[in-house]
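Once you scroll down, you'll see the structures, which are given as structure tokens.
In the two complexes that follow, subunit A is the common piece, with subunit B as its partner first and subunit C second.
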Partner chain A sequence: MAKSNKPIVWGLFAVGGTVAAFCVPALILAHGLLVPLGVFGENALSYERVSAVIGFLPVKIVVLGVVILTLWHAAHRIRVTMHDFGIRKDDMVAMLCYGAAGLLTATALLGVMAV
Partner chain B sequence: MSRKPFVRPVPATTWYMRNGRYLRYMAREVSSLFIGLYMAGLAMGLMRLAQGPDAWNAYLTALSSPLALVFHVLAFAFATYHATTWFNATPKAMRIRWGDGYVPGPTVVRAHYALWGLVSLVILVLVGVI
Partner chain C sequence: MSERTIELEILRYNPATDEAPWYQTYTVPCQEEWVVLDAINYVKDHLDSSLSYRWSCHMAVCGSCGMMINGEPMLSCKAFLRDFGRKIRVEPLSHFPIERDLVVVLDDFMEKLPRVKPYIVRDQEKPIEEGEYKQKPFELYEFKQYSMCINCMLCYAACPQYGLNSEFIGPAALALAHRYNKDSRDEGRDQREEITAAHDGIWECSFVGACSEVCPKAVDPAGAIQQMKLASTMDWYLERLGGVGARVKRSLSSRRTSK
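Here is the complex of A and B:
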């Protein structure tokens, strides 16, 4: 049987979708809305505290896990959704989606490891 | 010799507009675009954190721009829709043995919602404290 990368992308889609469902709504609410609107005070997410928390290894692992798994979930679903929008160049779409997910994975990894 | 088969014409780019069920399917799929964009922003924010206090403060300022707020309202709505559709489908994805039978579907869904509430509360408290 021909080798397929389907189990890998499907597995990442399923795990990432679960992680995204549990974490992303509250993350967006807290970090994308409540912090900028000042609900948590002027000094919420200050550089000193965020870098101290992310400097802690278990936090690095959890943050990277959530970010990377969610990215690959989204990349795979965007790929198949492009077909539903009538875009039939799957090879190119797949390359762009997984390529972007790979670049952003590297960005998050380099960023978190450098803190 | 075969007759020319009838192919029902389906518009390739707007087919989901004709039916509420298709539209809800598409909304669920499009949630990935908002979740992906949000995570892209977060990944870049982590890079800004590594670049030092000035870069991080510029990132925080960008987060409170009207454009970012509008995007995050939309992203929050789509992420919540993703979560509800995902959890409502869990009984079809996981069948858990319980004695001679299986854990009933609604129980599996309720357990996921309960855990979702707990995780969300923990995230809100953590971000609020940090």
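Here is the complex of A and C:
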């Protein structure tokens, strides 16, 4: 039996899961609750401020890291969840999930690097 | 000692005479502190000697009395009657062919187990004059939990992936492979990965975790498989790094075995 190539997607899934578990709740708390409640002031997420922060290369790398790894984590999670739900067309599900993750990765790269 | 009467609904199947499995209900007078196995033994001794099932130790050590009790894989010697209602349904372990009544065919597992080399593999055996392979308590602690498996097959009966794809190596065999991978005296991880890191090895597991829930010995096969996924992923990348990867791998494994 040949060794499986699944480590590629599983590696991204595992790293993405760790990143998502640590960062995403904090991001949701900050962006979804604290900013709308005005805890950080009126203009906390104004276009000028956000684009200035994202324009800084280390921030770009961190933002892309969080977004892209979380995407690949979600793609693999959804693929396995489909299987657990009884959908047995794994090749097609895998192509759709990873295809979407790939497309959104490219979009994130283009978008963030353009700032 | 108080007595109670239970209705034991047992799946019967004799391949020589039955076209399909069927259920037979026995009314069994029981002691309050009995386990399901005691009730089945009562049936065999007093009501119906034709009933076939496996058991031996009656103390959760031998691993032979695994059955589906009210749909859950359990050791019948560890399933106390007081935890169930008046009616208890007993069936052979799921996902295995039925040999007869509650006895299942274990050939599939018996064929898979040796493939993962569940024994210490050395590149070169140390000459006897050099003495024993010593191991520190923390090195024993690394794998001890995974060595507690009694091959009762409850994890295979619980695993939905094994139910879907019988080629899957499965929880117990993978946990045992992990037990030897984690042993400081062992050098066989590469050889085991030919089986465990193949598609029908660890990668068929979707981490449902049912195996660890039903395990009567707290082996945690699901945890073992997750740790193997991480190790196999590292190995997969190192193998693709050419000479550098091979050097890193060698130094990691020599650190593992020289302690």
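Quick note on the criterion: the second predicted complex is superposed on the first by the 110 of 115 C-alpha atoms of A that agree within 3 Å, B and C clash if a C-alpha of one lies under 4 Å from a C-alpha of the other, contacts with A are read in each partner's own complex, and residues count from 1 in each chain.
The criterion applied here is as follows: contacts are C-beta pairs under 8 Å (C-beta built on N, C-alpha and C of every residue); 3 or more make two chains touch, one makes a residue touch a chain.
A quick note: this is a predicted structure, and the numbers were derived from the prediction, not measured.
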| item | value |
| --- | --- |
| Partner chain(s) touched by A:G11 [first = subunit B, second = subunit C, both, neither] | second |
| Which superposed partner A:L33 touches (first subunit B, second subunit C, both, neither) | first |
| Which of subunit B and subunit C A:D84 touches, first, second, both or neither | both |
| Contacts of A:K3 with subunit B and subunit C, given as first, second, both or neither | second |
| Partner chain in contact with A:V115 - subunit B first, subunit C second, else both or neither | first |
| Residue contacts with subunit A in the superposition, subunit B compared against subunit C | B |
| Partner chain in contact with A:N43 - subunit B first, subunit C second, else both or neither | neither |
| Overlap of the subunit B and subunit C footprints on subunit A, listed as residue numbers | 14, 80, 84 |
| Touch list for subunit A against partner subunit C, complex | 1-8, 10-11, 14, 80, 83-84, 88 |
| Touching residues on subunit A, where the partner in the complex is subunit B | 14, 17-18, 20-37, 40, 44-45, 47, 49-51, 53-54, 63, 67, 70-71, 73-78, 80-81, 84-86, 100-101, 104-105, 107-108, 110-112, 114-115 |
| For the subunit C and subunit A complex, residues of the former touching the latter | 160, 164, 193-195, 197-201, 203, 206-208, 229-230, 232-233, 236-237 |
| Complex interface listing, subunit B residues touching subunit A | 12-13, 16, 26, 29-33, 35-36, 38-40, 42-44, 46-50, 52-53, 56-57, 60, 63-64, 68-69, 71-73, 75-76, 79-80, 82-83, 86-87, 93, 115-116, 119-121, 123-124, 127-128, 130 |
